[in-house]
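Two complexes come next, and they have one chain in common, chain A, joined by chain B in the first and chain C in the second.
What follows is the complex of A and B.
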């Protein structure tokens, strides 16, 4: 077979001369970073997108009030704001903008740009999908839901050209960290209005040739499903400290293609690495492999309106029968066994309540009326990605072995998988959640009643009362303690069964400098440089 | 003849209308809407998004409206890559698919037809068996096996050719995907050419030519090739349209920015304007390819001309 392939491919090799220099070697010389970015962005208007690939691009073209640090997740660096301060109860914040701040067309970045941006994001007719990220601001939710129409009542003001004042509806100790999320980034008022009204969706302003940003890079080329190229922005306030001349984002959807391209010397880093390639890479190319914790959790979502699953004892039994360390060792390589829902972040560490205890599981199941699984309804677990099948099969086997319960696996395309969950038309679903910011509320708030991401049919008055109370606490440690209590309730009730804490598995060329493990994986582009 | 082709074109327009109607209603029957995202979009926002694109109107109204805009040659805007015109998407992706398809078909013709001619000429010899065994392998091994193997060898291990990407001016980017894409067609072409050539080689006029002492090469090229190619030519037209519309696997394996990726993404996200736009383009291509094949067939085969 190998000889035959050689015969087939030999003429091709004669037709082409060998490449003298890999694309990475050439890019190293030119100071250009080549990156796999998984998917074509929906748009570069960051007020209109929700995805991770978009966030990578937006981070190169725009900058929030506070900047990311290359090494520490908790370290805040100056961004569009040079400094910031708050009142004692953390509800009023004042940001002083960089005096040298410029858009990539040379216009100054002002506090009015930020006010305009937040107004645009919250304008009901714009229908920005992620507007709720701004609901921390006083009256923002009311304005977005048309309960008030006067924007001057929303807690954001420009005190002068360089001073932005934000009044929050409750204390938010992590506001500086929150402003690092792209939903808080500014849009250039003068350019947006030149191409349409504040409420116009998807005008030309964010397209090649028009888009103007305040980040370290500016857009120079955009070809669908091919490449997006950005070069250094000379007007950036900190341009002297930008280590790269440009970045090329390749929207490679097939992770195997991406890995091959990396090993063929066409990329500096990959977006991901398929789990089944990890072992080969560990053996053959250990110098490239990166496995780092990521602020995300995989879990099984349960429909608690179904018979049997509406009983907390059954849900606990299902959870106790999952051997998480075994799963992580053999199937979800690099991932850590989940000990609760929220992974450790900063000074928050949830109680490690999840354990593997088949005996206790069987006891609980018997108490609920299903001894040895007898009479338990035959449910199916929904999956969408092929990569989820192996872990779903492992769960299936564990429940059969330890509880005598038979569960089917049902594969659906992505759209059907999502809509089945949103309409509660499922039994169990293999799912995951990536945090938006470094605070446990990004994992806990979604399990409240009516939240669009809950999709379990479960809600609990006590859980919501504690979350509300925690939101009013100005003292950070008290607040985290209360959130821990809320998480304990959630883990006792188990409308979801956490399985593992995410790890980012990917490949990185060793000559990339300034790239360190970060929980949110938001590497500040300006800190990167390439050794020849 | 002219009337015949005019007639065919008229039929083509009806086919396109049916194609659009079926695609339109099938997309709307998909469970996923264009605004289905992993992180749920709040209901009040989703309603406004749907109102913005007129998706809140009854399906019949939407259909008539879309038909009206299509009548003015406006393909509409994508719902997935919101705000981008379908014509802009097609104008970027179609040249890539076309170029890839042309190179693949060129390679298929250059490999398949000579192989078929040689196999027919040296019938039942080791040359014939090897050529046909090669063809069978080409038909049997799918592109998703050949593609990654080639990318792995030439790209990753020998670093002789790029393992992914596309550059319209640099042949090194075309070779692996075009070869992978063209292999199946080359295999079919060789088998069809062999069959066609064998039929012609058994004709009386060939025996006469041989008896008159015409050199074997001249018999093959001048006397038999034209007639022997008829089955292959009939295959090339539809196969070419198929190559352009069916290069999805190759596009995924080599990360090529062609139409296939847009097509599949449009299905995944219920992006009706892109789906109908590309569907119509494929429809036009297949119709034109069939008409082109008919013209070429008529030129090659005088009997066809008189029968019309």
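What follows is the complex of A and C.
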């Protein structure tokens, strides 16, 4: 009995004697920001990635021409470029680079680095999944699709070491905002070429020990599935105004684990907060909870090359059988039922076409040749994290109840979840899309043929024609009306089933300064600081 | 007393009768048998009675996260499903996985170990080196690869089994109803095979050493001089005498495999949502334990009770089957 007592009391006494300062308290002292970052990044080569977890890391290691503002989504701050100007009709832009701009190995950042970066991104053999973000540049699409091979015809030039000239194929009023996206960030020409050719995918240049960036932080440690550590980059042009000494990114995939880690004092902020924890957190720790609007949509991506899913009636039926208000009220709490793909953005508001109508869904399914779900192939839906299982199980139950269709749920880690979709090796996938800039095209352009984020096998000539036409419109309202038409086509075809519009729920320590609600959620790392 | 007892006195108390007697006197083990019987019976019998238990996969979102009540004895989960019926149905799967997989693994292990131990020499060396090689493999990865490669066959297996029970020309609704209970089991077949095919290693080692030991004893020499075949000697005389350690090891393997099932189901092999096992229920409950502790409490209660009971039973059996313990 005494031994039993000893067994019980020993761990307890160890636990109580370990009442030392929490990790957050120590990090506060050292000026280190601890952040939950959801997943192990697929790569740190920002020309090869598409995910949000990667974007957080890239934003610390690299910097675009224009910088993010800590307070306003629409406010432009100088970044790698100190100033910029455009011609009258917004098609020719000149960026003056920071004279003090340096890579983290001390080499100067030149306009040639940017030209090289855009050339690499557009090189057909590199097959960058996000190359479309550069299609605004004159002849960029043609070069990327091998219609021309002479890069000098593409609208990017280095006028001198510090002057970058960009010619666009159409007027783009939001170009400065666009260059804040990581696809427009530079890569260090001298380092990339040292580790491989311009067209080599996944070379060593972005590995620990090789990677060199122009951002406020530099990579110092990368332990797989454990932590990625960045410290202040002394060569950064604005190093004097960087408020943190370093950031630690923890790839915690399970958001429940992440929330527990936060509440145990191990993180300054979480990547997300599972909606079923909101209520408890609101009651017990209201000072930590943050609930903010976010331009994003959750949806189910369909592989339209699969039998049955290649029929628009079937896709419509699947969509009509989703009870979105019920889902948002009880599972995705705080999210709004999606009425279309694009959430309301400024003066753009798509037609609210999505509805819950099981009657009509059954009729469409019967017309397509699957009455009561008879003979419907058995498909499985990919999810990438355990917190997605609840909504996936709810969808599964709705399709079974209203359509008689049985669907499996399959969990994959972030990397293979993305790869499976990019290689069309999936049936359905529960997915989400966060806007890259504040314009509806960030939600619509990706569904065109060959786009690296389409991954549905679906494309439509009429849809693409309208998008092209919209891009030529000078009058903003006309342009938005055209985009609305394009969205109507997309919602008639439904290669994806929008489910809900995001709101961002997460936890944040109140002593983090310089962190304000942002629609795009791109908090400039250099503006953050920690109060002890 | 009665006729039978007279006979048994004449035959002398067998090893098994002695063991049963000793086991009965071990209170912990007796209680364990009792607990196991209650849990196993309620998981196996209650869901089979029509209308008694609610549908474990029926969602009622407005009734989500309710604490235990008269209507939902163990409360409801984040999708409004009844936890009581999910625990019972999940128990069926956990128990099936534990028992069937252990049976597969112990059967392979006994045969392999007995043959190696009995034949000795070169065959023994070869067979044990194979065991060494398998030991060196990363268990989890091999199980996943093996399971994934067998998995495509389960679709056919499920369809055939559904046709068998529901009739090939039955309506979609009928087929789906049959599918509801057939599928959770057929989708687990890869799991049974994969775990069973790799977890027999320790059993084979135990059996081999037992067999080597017993084969040197005089009564085996006597059997051999009577001209009995190797098969008879091995399976009639040697193995029954080495059953003690095997039974003990078996009772301790079952809980280990139940735990392993939870890991695999989480990784996407094995139990598929919306079906559940105790492992999955506990994982889901652990995620939400601060808000809704009952989601974790009840599945853990059943799982822990089963594990404890199996361990106590294993201990009790070890004592009871020890031939060196005194006869009374």
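By definition in this document, the second predicted complex is superposed on the first by the 327 of 532 C-alpha atoms of A that agree within 3 Å, B and C clash if a C-alpha of one lies under 4 Å from a C-alpha of the other, contacts with A are read in each partner's own complex, and residues count from 1 in each chain.
One rule holds for everything that comes next: a contact is a pair of C-beta atoms (placed from the backbone, for glycine too) under 8 Å apart; a residue touches a chain by one contact, two chains touch by 3 or more.
Predicted model, so just to flag it, every value in this text is computed and none were measured.
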Partner chain(s) touched by A:132 [first = chain B, second = chain C, both, neither]: first
Partner chain in contact with A:333 - chain B first, chain C second, else both or neither: neither
If touched residues of chain A are counted for chain B and for chain C, the larger one: B
Contacts of A:279 with chain B and chain C, given as first, second, both or neither: second
Partner chain(s) touched by A:256 [first = chain B, second = chain C, both, neither]: both
First (chain B), second (chain C), both or neither touched by A:145: first
Partner chain(s) touched by A:48 [first = chain B, second = chain C, both, neither]: first
First, second, both or neither for A:396, with chain B first and chain C second: second
Common interface positions of chain A, toward chain B and toward chain C: 254, 256-257
Complex contact set, residues of chain A against chain C: 254, 256-257, 274, 276-277, 279-280, 326-327, 329-331, 372-374, 378, 386, 389-390, 392-394, 396-397, 400, 404, 406, 408-412
Footprint of chain A on chain C - complex, ascending: 57, 59, 61-62, 64-65, 78-80, 155, 172-173, 176, 179, 266-268, 272-274, 283, 286-288, 290-291
Contact footprint of chain A on chain B as seen in their complex: 30-33, 35-46, 48-49, 52, 77, 80-84, 89, 92-93, 134, 137, 148-156, 158-166, 171-172, 175-176, 179, 252-255, 257-258, 261-262, 265, 268-270
Complex contact set, residues of chain A against chain B: 4-5, 8-9, 12-13, 15-16, 18-19, 22-23, 40, 42-43, 48, 50-51, 124-125, 127-132, 145, 201-203, 207, 223-227, 250, 252-254, 256-258, 260-261, 263-266, 413-416, 418-420, 422, 451-453, 455
